[in-house]
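Let me give you the structure first, and then I'll get to my questions.
In this document, chain identifiers A, B, C and D correspond to the written order of the chains, with residue numbering beginning at 1 in each.
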Amino acid sequence: MNGLLDPLPWLILLPLAWASLAFLLGPGRGGRLALAGLAGQLALALWLARRLIEGGPVSHAVGGWGAPLGIDLYADGLSAVMLLLTQAVALPLAFYARAYFAQGAGQFWPLAGFLLAAMNALFLAADLFNLYVTLELLGLAAVGLVALGGGAEPSRAALRYLVVSLAASGAYLLGVALIYGSYGTVAIAPLTPLIAAQAPLAVGLAAGLMLLGLVAKSALFPFHFWLPPAHGGAPAPVSALLSALVVKAAFYLILRLWLGPFAPLTADWGWLPALAGAGAILWGSWQALRTPRLKQLVAWSTVAQLGYLFLIFPLFGLKEPALQAGTLQAVAHGLAKAAMFAAAGILLKATGRDAVDGLAGVAGRLPLTLFAFGLAGVTLMGLPPSAGFLAKWLLIDAALEQGLWPLVAIVLAGGLLAAAYVFRVLRQAFLLAPEAQQFHPVPRRLEWAAFGLAAASVLLGLRGVELMALLGIGVAP
Amino acid sequence: MSPNEALPLAVLLSSLLPGLIIFALPESWVGTRTTLNLAGALAKLVLVGLLLAGVAAGQDYGFRHAVLPGVELVFKADALALLFVTLSTVLWLFTTFYAIGYLEDAPHRSRFFGFFSLCVTATMGIAMAGNLFTFFVFYELLTLATFPLVVHRGTPQAMRGGTVYLAYTLGGGALLLTGIVWLHALAGTADFAHGGYLAALPPRAAGQLQFAFLLLIAGVGVKAALVPLHGWLPQAMVAPAPVSALLHAVAVVKAGAFGIVRIVYEVYGVEFAQSLELLTPLAVAAAITIVWGSWRALFQDDLKKRLAYSTVSQVSYIALGVALFGPIGTIGGLVHLVHQGIMKITLFFCAGNYAETLGVHKVSELNGAGRRMPLTSVAFSVAAFGMIGVAPTAGYVSKWYLGEGALAADMSWVVAVLWTSSLLNAAYFLPILYRLWFRPQPAGWPAEHIPARGWRETGWLLLMPPLFTALAVLVAGLFAEADWSPLAWAKLIAEREYLQ
Amino acid sequence: MSAGLLYALAGVLLFALGLGGIVLLRHALRRILAFNVMGSGAFLVLVGLAQRDGGADPVPQAMVLTGIVVAVAATALALALLRRLPEDRP
Amino acid sequence: MNLLLDGLLVLALLWSAWRALASPDLARAVVLFIVFGLLMALAWARLNAPDIALAEAAIGAGLTGALLLDALGRLQPGTGAPAPESPAQPPANRAGRRWTGSVALVAGLLAAALAYALFQLPAPTVRLPEQVAANMAASGVDHPVTAVLLNFRGYDTLLEVAVLLIALIGLLTLGPAAGRPAAPGPANPLLKALARLLVPLMILSAGYLLWAGAHRPGGAFQAGALLAAAAVLLHLAQLLPAWASPGRLLRLGLAGGFLIFLGVAAALLAEGALLTYPPAQAGGLILLIEAGLTVSLGLILAGLFLLFAGAEERP
């Protein structure tokens, strides 16, 4: 089939193109270019989804050489859902960023462009070493974005994030080296049948190193320490991009490896990520309840919500429902967290302070922003009618189906803790504003972008059938 | 989208759409907002009328919407649903009038009426839910929509009340969710059905079903204010009067009671529940709540708090009616669902008028209010007599059937409970009536506010609603035997629940 | 024990040394050195293991080339960030 | 015999790495790291991987070393002053020692397990070198590493250039350095003369490396590194001023190579898939891409050193 009409390569080439052109145009420029590019990418993602539904998984041999020698791009239901999430979150955030960076965005557009290109490349990659290069591109772009704010504190947070990211990539790379040494190839498709349950020790160590590296990149408890300063200190559109999307990429990879090539090795290790997930939920929520700063609260909420994603690993006895629960939680959290960080950015701009108790009277002055924050909160709490609720429903259903009661208890406790820290903010906002409080005007477009994302996460709660149908494609029973 | 599917959806949308539009309305557009509110309320009234006619004629209305593979939002406007829908629709109309008058020039009215409409939509959804999943979706939506109303005033006390309200309701929600998903795991996705759908499960699941029942009732019991879970109701009285009237007297607590009815009759099936010995503990819990609520009401000097504890006790009559195995007890419980609503909303309207016009919040300050505000006090007295269960009022009818039902189910100790609670009702209502009518007016009222236009007593928008609902209390009592009365409708439902 | 395997062993030791360095060392510049040592170790394992029984294998060599360029890019960014930190607590 | 040589080299490698990380003095640590880099280049030569040896020497030891020394210069004022004793070892209190001990233990266990596992490995099932040799004819170049780099795994290289570009953009985001302005010493005449002599030679050999890449070890990365080294040398000899934030032309130069590669990759979609070189023009296209990359990589790698290096000169 003629390569020009294949959405897979274009999903990677398009963001790379507009990112480098934005760089050419100079600092602060490239906003409109980005919007056009992102709209195109969303169309491509939708087109890919339709092709998957019609014809099943799609693969694209780069250079025409085919798997072991060349590198393949592969898209199944899971990658199509993640691609849709990435473009669906990036487009409104681009609108938001254009209005947010009123006085010139520095290198935001090229950095964001390369970040999104790396995300798309990662969701489509089917080669372990290619994934290493994509992870590095993603990590460096993310570090550049974190340091965008300038100043000592963001730079320190960015450096710590970079060091953790590089150490994790090093571990991942050693894993790839061991896999190549053992089997002579790093392409996932030919590798999967080769790895048997009683594979040599080197392969087991490789799997451990790679998964551990990815867990550090996805900021799962106890590797979460770098996330709150990095995401909390960065400008709002950057925090939204990082919390909603970047940490999901590492989670996606863990899922891909856990269910794919390393499935025989990881069969009965599901309890470990679930334990770490439970720790993340409890510790993240506890910190979110205590931090005085608004954006830190939202960042700690990311640490907690990530815990949910890892609760599905012991449930892979029944692969389909567990995968649905995890993916829906990732999509719901992606939309809601982007909306919440966007709303937090607006509140910070309006009140001039990054403090939770500085929000009194916001309900009166910025109703749309608070409504967006509230709706995003509803999704994070997993309350109906949001997509977060559907994910929670599927997770509890799968857990009860397999009799894992402690999992149910953790999910419920997490929901209540999320309610505690979301309403901690809403309670402040509903208080009457003290006279001294004056609000700086905020462009309306910012509010509508945040509201759009939050509404999407709720509306998805009413109609998840198509998404689940798309997800099911290519997932071996 | 056949008419049988479109009608229930239209009932839902008739409050959702105006609500969403009102959210977007700027504060100053008072005219548009009022017309939208009233148009929505009247449209819903007409639609519900059509539904009532259709259901009475044996039509069934409902529609399904797939949310996830194997999980659906199901709506079914059956007889039981319409009992609650009609009650809410009528009272929402009156409360809208009342709220427009009450919040004459208050701030944030767009936000208020937006969430107000959302609450009613949630109540409609709860009533017409066709399976436990849909019920839970709207049950939690009601919590989310009521929180901004409870904290509407924005004062620190309102915040405390709101926080307590959330803690209870979200906690209850978590328990309910666990119970629902557990049943979903055991029995798959099944719709509500006359006689329940759990009877077919193998006997070894009985223990799990009992535990699941406990979770469900605990979850729903929070909103139905069963004793250990009722703490939020008195705290939520910090909300403005229309919120206390419609929500804490009708929508929210009735949602809990309605949940108990659905679970016992259409999930477990009353015979299966009896065989699992679930009804007696429910009856005991209801009885304890009835007596405890009335007892606590005795000592409340704050008028709205006293009414709140009275609600705690009265709502459990419904749970008691459900727990009395037999059609008569069921009729008593179901009809009380309507009667308690009309009576309690009248009381809250009057309490609101006293507070708004005279600045009176305490029972001790009510001396001589009868002379100063005669019409409001007449309405208050009629409703108070209804609560005690005096002859011609609606309250008498429901207590009569509950008593008969208790005897039919040979649970005679329930009759004793009914008598004690009636005595307690008298004990905390009669002193108020005595103060209203037989005590001289004080020199000056705490915060008298004589409305510019309208009768001297208070604005007509604040006066008409309690009078109408007081009239309804009398009509429901006197014309109980008429075929369009709530009692007749309750009999129709009981017939369908037990006949199969 | 072929030359490839020997260098792979050296790579493993360097990797462990680098990983320990990243975790233990306090100064940011030292951590960057540790990261580079770790990276070199992983590259040695990649090529050494692939060539443990004779013949040069161009595929891992191309990968290591890519890896070296990526490592220098990361090091440059890390050092640029290091410049932004106040002198007293790098 | 050569096993002994390899053994010695490995020991030297390990010793230099250990000393680089553990030495208390920062300057000595950096110098030892550069020694480690050079030893690594030797190791690659012993593993008959000449391309990597070149790259390691030029980029790994050369450029990274230059960057490290420059960063070191900023951290401590003056030249060659003894660096303050920033403790290489972590704090000596009991908790610190226990923590160091446990981390060292874990690292040691990991190394032991890996070493043990390396000996258990059966022969790999997939033999890629044979496949590379089989398809060399269609790859458009004769040297296998360049074939893999630009053709078989060309997609990796595309992303790798993006990584380099994004690192530079990250540098630009950070803006001028906050380091204390080092006093611009008088231009050392000897260095200036040496620079004038060496730079043309370096540019010539960079050209050769680019051309040779098609059939002998060499290629765009090594050539680019050489160009960058030339630029660094010129800057140190104060013949080339540092770069402020890049103007339009410099930006084009920086991103040009990547854009060419991207353009060619997209155009080749018409051949059926991304980066599918038609066998006839494969060699020509690869040379075009490599030429563009050489210029851009040279500029980028030089930029990593020169950008905002000038913060010193301006008072």
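Throughout what follows, a contact is a pair of C-beta atoms (placed from the backbone, for glycine too) under 8 Å apart; a residue touches a chain by one contact, two chains touch by 3 or more.
Note that the structure is a prediction, hence the values are computed from the model and not measured.
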Core chain by centroid distance, with centroids computed from Cα atoms only: A
Distance between chain centroids, defined by C-alpha means - subunit A, subunit B (Å): 43
Between subunit C and subunit B, distance of the C-alpha-averaged centres to the nearest whole Å: 69
Mean-CA-position distance for subunit C and subunit A (Å): 28
Length of the line joining the C-alpha centres of subunit B and subunit D, rounded to whole Å: 73
Sequence positions of subunit D contacting 2 or more other chains: 114, 118, 121, 124, 128, 132, 152-153, 156, 160, 163, 166-167, 170, 174
Sites on subunit A at which at least two other chains make contact: 129, 133, 136, 140, 143-144, 147, 155, 174, 178, 181, 184
Shared-contact residues (touching 2 or more other chains) in subunit B: none
Contact pairs between chains, per stated definition: A-B, A-C, A-D, C-D
Contact footprint of subunit C on subunit A as seen in their complex: 129, 132-133, 136, 139-140, 143-144, 147, 152, 155-156, 158-159, 162-163, 166-167, 170-171, 173-174, 176-178, 180-181, 184
Subunit D-facing residues of subunit C, complex: 1, 3-10, 12-21, 23-27, 29-30, 32-34, 36-37, 40, 43-44, 47-53, 55-59, 61-66, 68-77, 79-84, 86-87, 90
Footprint of subunit D on subunit A - complex, ascending: 2-4, 6, 9, 13, 16-17, 20, 23-24, 26-27, 60-65, 68-71, 73, 106-107, 110-111, 114, 117-118, 121, 129-130, 133-134, 136-137, 140-141, 143-144, 147-148, 150, 155, 174, 178, 181-185, 190, 194, 200-202, 205
Residue ranges of subunit C touching subunit A (in the complex, touch as defined): 8, 11, 15, 18-19, 22-23, 28, 31-32, 35, 38-39, 41-43, 45-46, 49-50, 52, 59-60, 63, 66-67, 70, 73-74, 77-78, 81-82, 84-86
Sites on subunit B touched by subunit A in the complex: 23, 65-69, 71, 73, 107-108, 111, 133, 136-138, 140-141, 143-144, 147-148, 151, 154-156, 158-159, 162-163, 166, 170-171, 173-174, 177-178, 181-182, 184-185
